[in-house]
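Below, chain A partners chain B and then partners chain C, in two separate complexes.
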Partner chain A sequence: MKQNYDFDIGKIKNLSQEEKVSRQKNLDLFYEYGFPSKQVEDWKFTDLNLILNKNFDNISNEVNFESSKEFKAIENFEHNFIFLTNGKIISTNFGHEEKSKILIEDYNQEEVKNIDPSNTLALLNSALSFGGFSLEIAKGYKFKKPLIVYNCFSQDLKNKILNNKNSIKLNEGSELTLIDYSDNNTQNNFIKNTVDTIFLNKNAVLKNVLIQNSKSNGHFYKYIKGSLEGDSNYENYILSSGLKLNKIEIEINLNKDNSSCSIYSALNLLEDQHQEIKTRINHNSPNCKSYQKIKNVLNDKSKGIYQGKIFVEKIAQKTDAYQLSKALIVSDNAEFDAKPELEIYADDVRCSHGSTSGSIDSDAVHYLMTRGISKKESVKLLINGFLNEVLEKITHNELKIFLEKILEKQINGH
Partner chain B sequence: MLKITNLKATINEKLILKGLDLDIKPGEVHAIMGPNGSGKSTLANVLSGKNGYEIEGEISFNGMNLNDLKIEERAQKGIFLAFQYPLEIPGVNTNIFLKTSLNSVRKARGEKELDTLTFLKLIKEKAKELNIDEKFLSRQLNVGFSGGEKKKNEILQMKLLEPKLSILDETDSGLDIDALRIVADGVNSYKNKENAFLIITHYQRLLDYIKPDFIHVLSAGKIVKTGNADLGEQLEKTGYANLS
Partner chain C sequence: MKNQDLNINKEYEYGFTTDIESIRAPKGLNEDTIKFISNIKKEPKWMLDWRLKAFNRLSSLKEPNWQKPKYPKINYQNLYYYSAPKSSSEKPKSLDEIDPKILETYKKLGIPLVEQQRLNGIAVDAVFDSVSVATTFKDELTKKGIIFCSISEAIQEHPDLVKKYLGSVIPLSDHYFATLNSAVFTDGSFVYIPPNTRCPMELSTYFRINASETGQFERTLIIADKGSYVSYLEGCTAPMRDENQLHAANVELIALDDAEIKYSTVQNWYPGDKNGVGGIYNFVTKRGACRGKNSKISWTQVETGSAITWKYPSCILQGDNSVGEFYSIAITNNYQKADTGTKMIHLGKNTKSKIISKGISAGNADNTYRGLVDINKKATNSRNYTQCDSLLMGNKCGAHTVPYIKNKNSTSTIEHEATTTKINEEQLYYCNQRGLDQEEAVSLIVNGFCKEVLQQLPMEFAVEAQKLVAISLEGSVG
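After this line comes the complex of A and B, so read on.
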């Protein structure tokens, strides 16, 4: 069954005729394949086509980008911000920083190129992309405070799809903590399809945090493509529990010596939430490090998936790659699937991977209850203990406290 | 305070407590001694509400039927069990656990919950009394604690929750001489006319510090002898062989 797509490039503003033609090509290609179903290997645990069929009668890209909406900045946490509605910049504030070191503007739609024809969502994104931001940090500039990207949404998104592209470029030696903060309090079903392109030049350091602030019926797909130069470091923390459907795909290219990346995830999935994390770390150069720790707690009828691939090129000697997935399955009706993959062409490498899943330790629950704590609270303490570990390595105290609070909120079901 | 009448407890189809009677009044210290496997920890577990036991007989605690109370309610109403083998709970921060525990109990008692700062001040004081290094409080609960440190942590929880009936299951085993004295001092300073203790032990040395009003001998699931503090010394000499 095919749902009623109502995709129209004519509805996207300010496109040149050339642009329209090239976008139409992407759209035509998309139509050939449609949304991916489980027959597509990359989507075998997330049958997007089926899920969308079930939840949408019709999907359209006619979105009102003008409707700005008030938003409430997070309190007691000093930060800069970019405020987006439906993916488009409404306002920015870099009050803690030297403004001359920061370039922020709307994403240049002329740069919209197709990324990967085997990924039909990327095709669709390239056809329909609108809004988005480009951020560039000058050489050597280290952000004093984190930058929060507030992703807010208008109330009229029922049966709509948003397609955005963002670009984040850190020049040599610059540093930034970027918090992607989705605040979706609408109960509307809508789809968000985002592509983030990240470039870290030599010695640059980017901490990238993904947060979902409230429970929502959103169906989100995010593709992060990172390219790292020598001695640069990318760290990603995924704390995005709460969406009905969420798939985060991260591709990191360690292109030069001594670049490194870490991906940490702490998810507490409730009800019928479905979240997939799919990673691909390409070790393209010697002496690079990658580290992944993925923790999922599955409650109710939720489903969690981790597909993680480590790819090591022939020249990438002395690669140090680590990957671990741990799941805590709280309910008999919940499900977790893990598919770790190693593809290694170099011979002098250290690669390890593992995946475990288990249930709540009933003796531990008993112990906590004998101290006056209710069963429900005891289980929450154990879940928190299980997930909290992924924040262990954060040395910045304010950030850590902030993320601990976010995690606690997610454990309490928002 | 606690009145047990003809208590029988079965687990995995094995009858372990075979008709046990015990009467503990406020202000009293009772000791239970007895051979390995006689059912001492089983009694403690049953009182704490551990699942898996089939129970017959009556247990009344301050006028309530204990069997009607959930595990956490027993704790909230003032029963505390210091475990023979305190569990290691990875990931759970000791301070957060202690604060959650105290506030759950306070809430159930209709008292105001403590904010973090007040709590930290309180817990530091209590830890100091027991000569527990503050560093332990920020570690994961019991994880990597030595045997003695775990036992001290149990007593810290007791002092924090201020129970009416404290059941100490072999709290003395694993403690060095200094720690034993500190723990005993901790118990003695908490002891008053309103609360009571049930102390399970194999050794007289603890009873030298905490003087019991009664000593019971538990053997094969029944109390076979009850005496005063002198019974302990007598048992030290003769063992359990000629009792039954």
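After this line comes the complex of A and C, so read on.
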């Protein structure tokens, strides 16, 4: 059974006739495939069509972008911010930085083009995209404080879909810590479909953190596509526990020598939460490095998925690539699925992956209990230790403390 | 590394053809062909009905297209589905009655039936093109109540067993090639080990495709009754031809309470020439069911031949405490493509599985490990350990790993690791220093890389397999 789609390009303001035609093409193509089901290999473990059928009566893209103008900024943590409601910029603050080095504006909708049909959600995004931001950092400029992107949502999003595109460009030698901070405590079912395009020029460094601050009925899909030039570095930390459904798809292209990327994730899933992390690291050039460490704790009826692919081109000799996924299954109704994939065409490489899933070490629990700690606390302590490990690599102390707090909150179930 | 001091690629050793008259079914895949096969084998009606049912299902199935190696469309109407040496239409009673030419072929293959019978004490069932030519050691096995014969014979002599178990592990219309096999299978082996019996010798089958434009569709069914043990070996070769030949076999294993089946394969079908012309398409379905408590099925395979290998020997671990094992070496050279792995489906409590896969890729070849480990909700306290290592030689080949891992309960543990590397220069240098030439050094290192799997093979096979590993890679380092 198909949902009732109410997708109308006419509801998006200020589009030229030409744009409308191009968007309609994307929409028509999307209709041809619909939302992906488990028959689609990339969605094998997340039957989106089925999940949406269960939770949505109809889906519409008619969204009010002006409703909420207030939000609570995070205290005791110095930062710049971009404030978005339903994906559209409401206000920005770069108080800690040199403003001339930063270009921030609404995403230019004219740049929305046709994307290949293999990703149907990206097609839908191209058809219905609205809002979003473009950020560009000047050559050599290093951010003094992190930048938080507050994602807030209005209360009237029941059965709605948000489609945004963001673009982040770091010019040569620039550095930025970007925290994508999602805060929505709405009980309404809604869908957020985001496409982030990231470009790192030579020697640029981007730390990207994804945080979900509250329990939510949101169904999120985020597609991050990064292109890296020589000696640049991309790091991603995923701390997005709390969403009913979340799929983060990251595609990183290591296009020039000595570029590197790492992806870390720590998720503590409760109730019937369903989160998938899918990565594809394309080693297109020699001497590049990639590292992935994905950690999941699965409680109740939750389901965690990791699909990771390392792709090494023929010319990408001296590649060093690593993938590790670990899962703790705490409840008998929880499930963890993994598909760690290697596709390698160069011979002088070091590529490996590991994947484990299992229960909490009962000996360790016993040990803690003999020291007078209750069973519940012992388990929590072990979970904390298990997940906290992914933050070890962060050298920036303030950021580390901030993320540890976020993680603790997620472990306690918001 | 320089190429000059190396031998040129060693030719396929088993590429000869045997000049003997054969009986063939008319070309093409249709009901008449199936009736022809069934008729020539004097099969009972239920068997023919079974085949026709499979054939009817075939029209609604599509060839799978998810696997990595792609192949040109197979014209199923242009194949012979039955080819038998003429002289064997009257089944020989003893080895003396077998066409000497066939015996000579087997001698060339290195399985002199007579000699092997005497020296090794291995019972051999040899399948030539489509029919089983000889089964040695029958008497001794019969005394123990062990049934080891061709499947055609089993259909005549032991219909109850065949009816009960045939298609019980690989359903009639499982997927395209399995269904095709169900419709047109020509021969294969049948083994039944009675309760509490340990099969006193290794049972062995040798398969050979001789005639051109033929597909080989054999079907093997092994049943180990309660408390029994059997070790079964399978080897295959084919002559050199510049056309691609299809081999679509089905193998079903059933282990009841406390039974153990060990199934070893050395697959050396013709891999095609240096430019990737010709060779066998090896699309095989192998599946074992650990039905009973404490049962065990162990697959060991050495895959060196075939233009395309596409097989996933699997274990369905139904009985509590049952164990599944999979040891594999897949070597691809020139333009060979292999997409192989296993499925371990844990259904019973305390089930264990272990997967060791070694892939070696050279020349322009592509080698993929594809596997599934699925621990179900009720399979509490289960364990899986998977290790898949790939070795790359040269920068024109590819090595891929595609594991699917599913864990659905909190008391089970899955561990998976995989690595991809090339041969360590230092190891090579060390070997060279001690007077081994490049080729010997590579062979030594590769054999070491595969050791964990080679150790699992029965003695006679291990020697052959080690040689095969070396031969398959000759001329590939440079």
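Criterion: the second predicted complex is superposed on the first by the 413 of 414 C-alpha atoms of A that agree within 3 Å, B and C clash if a C-alpha of one lies under 4 Å from a C-alpha of the other, contacts with A are read in each partner's own complex, and residues count from 1 in each chain.
Heads up, the rule we're going with is that a residue touches a chain if its C-beta (ideal position, glycine included) is under 8 Å from a C-beta of that chain, and two chains touch if they have at least 3 such contacts.
Source: prediction; values computed, not measured.
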First, second, both or neither for A:L342, with chain B first and chain C second: second
Chain B versus chain C as contact partner of A:N53, first or second or both or neither: neither
Partner chain(s) touched by A:V330 [first = chain B, second = chain C, both, neither]: second
Chain B versus chain C as contact partner of A:E41, first or second or both or neither: second
Chain B versus chain C as contact partner of A:G354, first or second or both or neither: second
Touching partner for A:S374 - first (chain B), second (chain C), both, neither: first
Partner, of chain C and chain B, that touches more residues belonging to chain A: C
First, second, both or neither for A:S214, with chain B first and chain C second: neither
First (chain B), second (chain C), both or neither touched by A:F386: first
Chain B residues within the chain A interface of the complex: 48-51, 70-72, 74-76, 80-81, 83, 86-87, 89-93, 96-97, 100-101, 104-105, 108, 140, 157, 161
Residue ranges of chain C touching chain A (in the complex, touch as defined): 66, 377, 390, 392-422
Chain B-touching residues of chain A, taken from the complex the two chains share: 361, 363-364, 366-375, 377, 381-382, 384-386, 388-389
Chain C-touching residues of chain A, taken from the complex the two chains share: 41, 44, 314, 317, 327, 329-359
